[in-house]
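For reference, the structure I am asking about is given below.
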Amino acid sequence: MIEMTQVSKTFGGARPAVDDLSLSIAAGEFVVLIGSSGSGKSTLLRMINRLVEPDRGEILVNGVDIRRQRPEDLRRRMGYAIQSIGLFPHWTVAQNIGTVPRLLKWTKARIDARVDELLALLHLDPAEFRHRYPHQLSGGQQQRVGVARALAADPDVLLMDEPFGALDPVTRGALQEELLRIHALSGKTVVLVTHDIDEALQLGSHIVLMNQGRIVQQGRPLDLLRRPANAFVHDFVGRTEIGLRLLALDRVAGRLRPNEAAVGEPISADLSLREALSTFVARRVDRLPVVDDQGRPAGALFFSDLLERQL
Amino acid sequence: MSRVQSALALSLLALIVLTGWLPHAGPAFALLFPNRDRLIYRQDDFADLILAHLAIVGASSLLAALLGSGVALAATRRWGLAFRPLLETLLAVSQALPPVAVLAVATPLIGFGPLPALIALFLYGLLPIAQGMLAGLDSVPEGAREVARGLGMTPAQTLWQVELPLAAPVVLAGLRTSVTINIGTAALASTVGVKTLGLPIIIGLSGFNTPYVLQGAVLVGLLALTVDLAFAALSEPLGRWRAPQPSPGEPTLAGAD
Amino acid sequence: MTWRAPVPGALALGTLISLWSLPFVRFAPNRLLTGDGLAWWRAPLGLGHWAALLPCGLLLLAWRAQSRATRVVGLPAAALWLVALPWLAGMAARQMAPEVDGLARVSLGAGFWLSWGLMALLLGELLREAAWPVWRRVLLWVGVLLALLAELSGGALDHLSLLREYANHQDAFNLAFGQHVQLVALSVAPAALLGASLGLLAARRSRVQGALFAVLNLIQTLPSIALFGLLVAPLAWLGEHVPGLGIAGIGMAPGILALTLYSLLPMTRGTLAGLQQVPAAAVDAARGMGMGSWQILWQVELPLALPVFLTGLRITAVQAVGLAEVAALIGAGGFGAIMFQGLLGSAIDLVLLGVIPVVALAIAVDLLFKLIIAGVARHD
């Protein structure tokens, strides 16, 4: 879907921000660009919608060179959300979300319907939020509107630059779940930049770890955790935390013993194994009862099963 | 009606009432100033003076608004950015220049009459307007600009739909300052015979006629107040999207000259 | 082909254009006539004509040269221009009007003023690009100023009509200087005290703020001539009925009173802003240590509020210097008297004699306060 071939970009200094990088993004993937500051991840993202023009190399979206079209036309077909959110303070929530549809000259009725649809999708009551101004919203609500605005014209590609960086951990977690849900529902291609490895591992189906303008390793979250290519990757994904992060990738449902039972307050089958580990330690037990999402008993999770070799 | 709107209505009413009543206020002034003849300024109609005053201020302010905001806008665009420090230096240096000085320098060079006054008012009016435009555009959150570009607005659309509306309250404040100062400076143009509300004051001062001075002073004071309140009323709906801001003594008005 | 340094280039180009198309000096056989303008090439400058190579050179440098070269050559060149130009004008004046008491007048033309002004801006721009520290920049400007003063006192400019006017009006000039300084000092000082008290009051009781600033803003909106005019009547009445006070309707009294009133808003606002930006943590800590209200005020709040307060004082003083120009209309004297005299007589030199000192005074006051503030802030 997005093909980047040998792109490079240098800003004034001696070291390139992006250094002869090639990347292929398949349609429907949730790609996370991760690295420390200065790794070039934001620059790479912004090359996709031509906010930054590469010095060398070419970028194809859906097989078409992005330089062949007007930048504005390209951008109107992609969603863009940033850390500082950037809601237009002088417009209501509805007007903010309707930005790109208006640029594309949709009819008012179509825009209104789309605004309501998106607000509902992001769990904001349309009647309550349509006419509010950004300063009347909390940080989490603002970023929900920001995401809605990015999705408004139903783009195939969603570009996000550290969208949840400015939010508190609880709100961040909630929005990450929302984003996963939207991705699963819509099948859009998402390219998200973050410096938070936990966020990357949770959201991404394909992770691209960058350093100094180059790709160090890319692959599924499991690949980076289990087979880090070098010491840098090993350090980045957490050295001592790797085990916990591996556990975070799996759910209780995958490890429970369905015909067993245990005493005590049950845990949900949907919980990650990492959270289950934490529960084990907190309660100082070696087996926990498990219930499904309807509350019916589903079995028991044994502490020793956490160490079971994975597929 | 908001407080500003009621104040404006009051001020405008007072101005109109006073303009109508002053020609007949002989007895009142006689009480205040016994042993005096020529109590009421009669050389010109007060209403005429007010209109002439507004005309000269209006014309110069309109031109100043166009050029001043245009130049300041250009200095914030990528192609004009190199010239911004120069503009800011010019604006800073001209703060040291009293507005009356521009008038005083223009007149001997151009001659008596309304033209030097217009030019002087235009030149001096440029400064607060340019400052307002610079400050207004600076106040646009950078995230808003970036997202506007990222979503696909052309530079022109970004300017019209995002930057200028967000800058508007500050830009208007600059215009307000400029016009209010110009009302005062225009009054001084009467020292060289230009027909404005300063005429009764100047004639009164040179002829030791305090009633004349009072009449001119009250009228020009009320006019300045009314215009200032009108701008305040205009800027109220503009800021409706802003979070309520606590502000002690907000508008930066120098003593109008 | 893009310019290496577009801004200095534009300024240098502007200088050349103004030298070419505008009169450098004007010659009038007597005071009554406007006189003829003489462009740069027609003025009797002798070898001085070649000084025009200076802006030419700067133009070339700005076009093609590396920024460092432009600065290394441009800074002394521009500074030299600023000093040399008045000297050349003075030389031309001496040639054209050799008798100091004669009737002929040589005045500085628009070409002189514009080219001098543009080069001053160019010097400022080069200094900014060179990122010189503040003290070095001030030193350079002071150097230029001293050189100009040396020219003045050495008599190099004496034949220019501006200096002749000064010579003719020296007593009035000195008197005006004294009056102007008096007007500013006697109005800013009480306004500072009163404004500080009002600001303190407003900081302590926030409900007062609304009404207080409404009144102060009202005063500030009034045109200065209106305020002066409105004070004339009551002060005249006071003067008549209370002779001991020695004030009259016109003169210094209404001038000082009006200037004090105008100075109240910036002073009050400056004090309030200064007090409001004192970190609450500092006040809390002081209270926790057992300091009383007055001690907190004197030892914590006022020192921390001082820089912002002094900035307010700076703004007020500069504003007062400018406003005092108008006070001459009600007989308060000051440089405005000279300016208005020139205005009424259509004598540009008298006007300049009344305006240039005020601008210089405003800049000097501004710089002085900036130095004081920098000195105070260094301890933070």
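When the chains are written out, they are named A, B and C in that same order, and each has its own residue count from 1.
Quick note on the criterion: a contact is a pair of C-beta atoms (placed from the backbone, for glycine too) under 8 Å apart; a residue touches a chain by one contact, two chains touch by 3 or more.
Keep in mind that what you see is a predicted model, and the values were worked out from it rather than measured.
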Exercise. Which chain is in the middle, if each chain's centre is the mean of its C-alpha atoms?
Worked result: B
Problem set entry | Greatest separation from chain B - chain, by CA centre | A
For this session: Could you grab the centroid distance between chain B and chain C? Build each centroid from C-alpha atoms only and quote it in angstrom.
Result: 22
Problem set entry | Centre-to-centre distance between chain C and chain A (centres being mean Cα positions), rounded to whole Å | 58
For this session: Measure off the straight-line distance from the CA centroid of chain A to the CA centroid of chain B, and report it in whole Å.
Result: 53
Exercise. Mind pulling the chain A residues that touch 2 or more other chains?
Worked result: none
Problem set entry | chain B to chain A touching residues, read off their complex | 141-154, 157, 162, 165-166, 241-243
Exercise. Which of the residues in chain A come into contact with chain B in the complex?
Worked result: 49, 51, 71-77, 80-82, 84-91, 99-100, 103, 133-135, 146, 149-150, 159
Exercise. Which part of chain B faces chain C closely enough to touch in the complex?
Worked result: 32, 82-83, 85-86, 89-90, 95-101, 103-105, 107-109, 112, 180, 183-185, 187-188, 191-192, 198, 201-202, 204-205, 210, 213-214, 216-218, 220-221, 224-225, 228, 248-251, 253-257
Exercise. Residues of chain C touching chain B in their complex?
Worked result: 6-7, 10-11, 121, 124-125, 128, 202, 209, 212-213, 216-218, 220-230, 232-233, 236, 249-250, 262, 265, 268-269, 272-273, 318-319, 321-323, 325-326, 329-330, 336, 339-340, 342-344, 346-348, 351-352, 354-355, 358-359, 362-363, 366
